[in-house]
Amino acid sequence: MLITVTDAAGGLPLLAPMSEVAGRMAIQVGAWALEKHQGGSGVLLGGVPGVAPGKVTIIGGGVVGINAAKMAIGIGANVTIIDRDLKRLRELDLHFNNTIKTRYSTLENIESLVHQSDVVVGSVLIPGKTAPKLVLKSMLDGMRPGSVMVDVAIDQGGCFETSKPTTHDNPIYDVNGIKHYCVANIPGAVARTSTLALNNATLPFVLEIANKGYVQAVKDNPHLLNGLTVHKGNISHQGVAKGLNMNYVPFH
Amino acid sequence: MLITVTDAAGGLPLLAPMSEVAGRMAIQVGAWALEKHQGGSGVLLGGVPGVAPGKVTIIGGGVVGINAAKMAIGIGANVTIIDRDLKRLRELDLHFNNTIKTRYSTLENIESLVHQSDVVVGSVLIPGKTAPKLVLKSMLDGMRPGSVMVDVAIDQGGCFETSKPTTHDNPIYDVNGIKHYCVANIPGAVARTSTLALNNATLPFVLEIANKGYVQAVKDNPHLLNGLTVHKGNISHQGVAKGLNMNYVPFH
Amino acid sequence: MLITVTDAAGGLPLLAPMSEVAGRMAIQVGAWALEKHQGGSGVLLGGVPGVAPGKVTIIGGGVVGINAAKMAIGIGANVTIIDRDLKRLRELDLHFNNTIKTRYSTLENIESLVHQSDVVVGSVLIPGKTAPKLVLKSMLDGMRPGSVMVDVAIDQGGCFETSKPTTHDNPIYDVNGIKHYCVANIPGAVARTSTLALNNATLPFVLEIANKGYVQAVKDNPHLLNGLTVHKGNISHQGVAKGLNMNYVPFH
Amino acid sequence: MLITVTDAAGGLPLLAPMSEVAGRMAIQVGAWALEKHQGGSGVLLGGVPGVAPGKVTIIGGGVVGINAAKMAIGIGANVTIIDRDLKRLRELDLHFNNTIKTRYSTLENIESLVHQSDVVVGSVLIPGKTAPKLVLKSMLDGMRPGSVMVDVAIDQGGCFETSKPTTHDNPIYDVNGIKHYCVANIPGAVARTSTLALNNATLPFVLEIANKGYVQAVKDNPHLLNGLTVHKGNISHQGVAKGLNMNYVPFH
Amino acid sequence: MLITVTDAAGGLPLLAPMSEVAGRMAIQVGAWALEKHQGGSGVLLGGVPGVAPGKVTIIGGGVVGINAAKMAIGIGANVTIIDRDLKRLRELDLHFNNTIKTRYSTLENIESLVHQSDVVVGSVLIPGKTAPKLVLKSMLDGMRPGSVMVDVAIDQGGCFETSKPTTHDNPIYDVNGIKHYCVANIPGAVARTSTLALNNATLPFVLEIANKGYVQAVKDNPHLLNGLTVHKGNISHQGVAKGLNMNYVPFH
Amino acid sequence: MLITVTDAAGGLPLLAPMSEVAGRMAIQVGAWALEKHQGGSGVLLGGVPGVAPGKVTIIGGGVVGINAAKMAIGIGANVTIIDRDLKRLRELDLHFNNTIKTRYSTLENIESLVHQSDVVVGSVLIPGKTAPKLVLKSMLDGMRPGSVMVDVAIDQGGCFETSKPTTHDNPIYDVNGIKHYCVANIPGAVARTSTLALNNATLPFVLEIANKGYVQAVKDNPHLLNGLTVHKGNISHQGVAKGLNMNYVPFH
């Protein structure tokens, strides 16, 4: 229960904090994977005076993307965000002012930027849908060996053709000389911060359930109802029932 | 008189304001020369959301260069400063934080950056010396047609091999499809601001001369003496005398 | 076809990129028109240390206005935005923090600010409506000779009483010593950037039309339908039909 | 002892923290004195969206001035710094970027800026010298009634013609409708912060004296010797002896 | 009439400017109350180099809170905003970037932050409702003596348990060594700015009333109708009638 | 040869780039060591909205410290720099404005800040001297388990009592639950950036040696001579000879 709880805007409020953590972590793990001892190219993303900074391309300007951008700018990388929503690019351009570049999402732009990048962050994910494959295997050939792909959409199947899920025990693997970081549970690396963030997001719902009992709470609050998966031994969430090919019995 | 007046640090305080004006103007005229109706490539240096900004390379990180950088960053261009003084690059990196890139000056770095640039500003000038030719004619071939070279060092002969002095009446000319802006008197374009700036710089000297008479003032103030060119019909400035091949008669 | 295509918010998505370009260009052309050789007052908008920067007043805080403000701040001018929507002024105040001043739009405030300004940008335009005349001819008398009016609303008739359309070949004219820049097609000056921006905005519609044929696409997408002007030899856009005094035949 | 201790640069390191505190406090007390209940003009220095911010003019760009500027910018005022040292104005212009205006110090500039200002901070002080009177009584007539003068140089006699020392018990007085804040011991208002700051500055000297005894410490450290006023019942500081018209007996 | 005029978003547009003024003033009066001569702890909120800045906690991240935060950051304080709306915390985090800390509102977080704070600003107010008591008297014991509570919600009863309304003549009182500033009419201190701000907000309504007469204006504009309190000798505002226990006679 | 080459300011120009790299890397490795899978506390240094950021204390505000601070601020940590040079703290306070806190270096301040810190960076190193032990083993007890100490001064013996050199193969070890990262060759992790940086710094010397032969170059350039360790089979550097207890034979 709870993961699919909704909010008034149709979002999933309990997932948002995890996207924030994952976006911020994407740059931290990308920088780490670039280190020589992880098999990376040995580039310091921020560069130093006289040496060019590394290039970071972030595909997808949503919650994950904006948090990744914030960190990448913060450490001094040369950052581009790609999105196919011009309205979003305008907001990002305004917010980050002269510290990022924004590019409209076309196959040509993606390929050209991937070739120049030291770290590519894939953050195109629509909860509940399979992520589109935006970076093809053939594009990796144009990259400097030891560069890094970080796929934050791995939970939805990943947005790189070459992505497959990894774990914190063995987080990176190599495809044609390019390092891939595809840990499905990135926030687990910073468990303390993640737990506090999740507590903040769940607290109002937990209080409502604690005060009323869950049956009454679910009756009163349609957003909580959306988060109810199992009730009286039956699957009470249509999507889950369908996904598992089981009977769907609405809450009553 | 006055132009070669010195200060305690060995600088030429009456020239500094003109370098500030010229540096700030370099980007204004570069942006203008990029316009389609001047024969430029039609690039807007700041780009817009979804379209990459133009690239500006500034060769020389002194007073001219830092003022040019300030303007170029301000309008949203993608800015790199090249210098061969690492200490200066460190200061610039610290000051501009994550809004510029700094590169050490080597022939390879200059060529590579010139090729990618929409506007190149040449600002390597040492007052009294001929500027070194840092951008060779052959490098122009790698640039996008309609890109722009602005040579602020044209007074000292220019720091591009293809530079020759122009005037405000006919400020730009073309070499191999690349526009050159080489007006020798850039500050004249903004005469009001330039005059006020010059007044501020000369005022202390003017007051001293007005109060004491110039003979006594020059006797009292060695910096004024350094600015004295002609006295009693003779050349009293060693450099000028040498340059004009005339007799040098020290002030007495 | 296409220009009047709408989006979910009722805006005209194919016009927005042109407003962004025009807003950014407004300051570039204003700075240029201030130059002595264009007949301007010779003010450098950014000033230099010890000399006050030029003043820029932007009338209208929409897409054009915010983009003009961004550039004017970037080059160091003293910038005020006037709008009659307090909510918008709050957003601008928050966004630009301590780098602009905002003023509520009254006749007195406009007159007082115009008198002090080196460049006035008129950016009050409502697509499809005639722009209101917010700066009267009489106000010009209080300005410093050689100051500059840039009317970005000239397509809708202009928002200065003294505006009349000009072209890139002869962009400025003089009224009572004040320079007017009223080029109807500002984005044409930076054709490369403008074209890329326009491509980004039209691409989704072009793809839909290419995939489905235009008849099906217009049937499926009411926003495309809003952009349809002529169909089977008849005017299919009510506003255009009315404007041209021709028969309106709805798409069928 | 201690106040006149010197450092390698010829400065007075034990006074610097007090200048920092006083500079930061100058804006706090100026904003307070503008309040209606203190007889001020009722201007909020930061303004609000749609209403112009107040104007602050800081005369003197040294330690006091830069700290006052930092606070004034921080609260959103419209800030100008006046100095007669162009080199210093350049540093301030670079540091504060587009958030202040710098003006060269002339009588005309001072008068013009004072007339427009809501708060004027006088921070031209040279330790040990009488401050020059830079704002004349006649200039007050051009100011809005209830505007505020804050004289941080009051210890050296003040840099406004109309300044006279006040105390925290009765900090402001009125001259021709203009409020004057001239508390000689501004840092006393924030005693906790001031004491900690002073401790930091004196600690190295205190440790040296504690470790060696003061006689040996003064022998070893010429900077400490410069801070020694009285020794064996005699005045051991030449300036103090002269100021008090007493015998000067060098330390031995 | 007028105070309860509404806008399309259900807000009270005539109150918003006063919230902006009050938020910005909250820090000004908090800094003043910290001064030794007001009985405060003598902390300078911005600190100085080497001495830690003061801590400011702002409870409530609405219009008042964001304006208070802007000022507190501007003077260099160490600022935390508490809110129970995660979406709002995200906006604030994004806007203020690395210059504030945001905390989710729980009793534990409030208590812990109040204990560390030099100034606590209470800005949780819902127009027309009694403010919740978020800081309990018992929490004051953990604060440094001479610290300051500023209750901007005092009009709605205050959001600290220990708040009671004060006036500009006697603005602060002491509870267990902690100074309380609870002036009900904070904007009155900066009457000039407040009046201009209020004029801007009321002008459109005043014009409508002046043009049409108030009866027609109220008929045409439901937002004006919401602001009508008394009509033909009867109470025409349901809330006011209820609050005063009088008859409610709808406008007709 | 080369490492001890000097510059006009008495510095070691070939070491400076390595200090820049090490300072920037210190935060990268500190953030990594905080991860749960390295045994860290699971804190994300930047926090997320609603959750406090991690605290970083940097002991020593030199080249290493300022570069570490830049990265730590960039990722959104709560940063304090400790130094015993007030002049340096002033420069840092001015440069970083309201994004860091500076504290004077006393045993009490160090202990108090270490206790609150998630990452402590030790960057007090004087080339050629043993680093002072500024963090004692006893101070670790006050820290949260899983917090991290990064000792950048490990080459000079380390500035934490509990430091001992480690390698990239096994970079961290545990003392009382606190992780220690003490890799002696931090720049090796980003070999590509480090090599380019080193090339920039050595190029002028390499060119001089290549042009003249090393004997003549060392004769002409005393800074090169300072970098000469062995010549004709003898130790030609006094410090090295002393350190190795071998005969010192001056270059001749």
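Should a chain be cited, it is by its letter among A, B, C, D, E and F, assigned in written order, with residues numbered from 1 in that chain.
To be clear about the criterion, a contact is a pair of C-beta atoms (placed from the backbone, for glycine too) under 8 Å apart; a residue touches a chain by one contact, two chains touch by 3 or more.
All figures in this text were calculated on a predicted structure; none of them were measured in a lab.
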Applying the touch definition from the top, give me the chains sitting in contact with each of chain E and chain F. A, D
Using C-alpha centres only, name the chain that sits farthest from chain C. F
Using mean C-alpha positions as chain centres, tell me how far chain A is from chain E in Å, no decimals. 37
If you average the Cα atoms of chain B and of chain C to get two centres, how far apart are those centres in Å? 34
Whole-Å distance, C-alpha centre of chain B to that of chain E, is 52
Note the residues in chain B that touch 2 or more other chains, in rising order. 17, 20, 47-51, 70, 73-74, 76, 86, 90, 97-98, 104, 200
Chain pairs that touch, all of them, please. A-B, A-C, A-E, A-F, B-C, B-D, B-F, C-D, C-E, D-E, D-F, E-F
Show me the residue ranges of chain C that touch chain B in the complex, using the header's touch definition. 17, 20-21, 24-25, 28, 31-32, 34-37, 41-44, 46-51, 67, 70-71, 73-76, 168-169, 188-194, 196-197, 200
Chain B partner, complex, touching residues on chain F are 13, 16-17, 20, 66, 70, 74, 95, 200-201, 203-204
As the complex stands, chain A meets chain C at residues 84, 86, 90, 94, 97-98, 104, 106
For the chain A and chain B complex, residues of the former touching the latter: 47-53, 73-74, 76, 78, 86, 89-90, 92-93, 97-99, 101-104
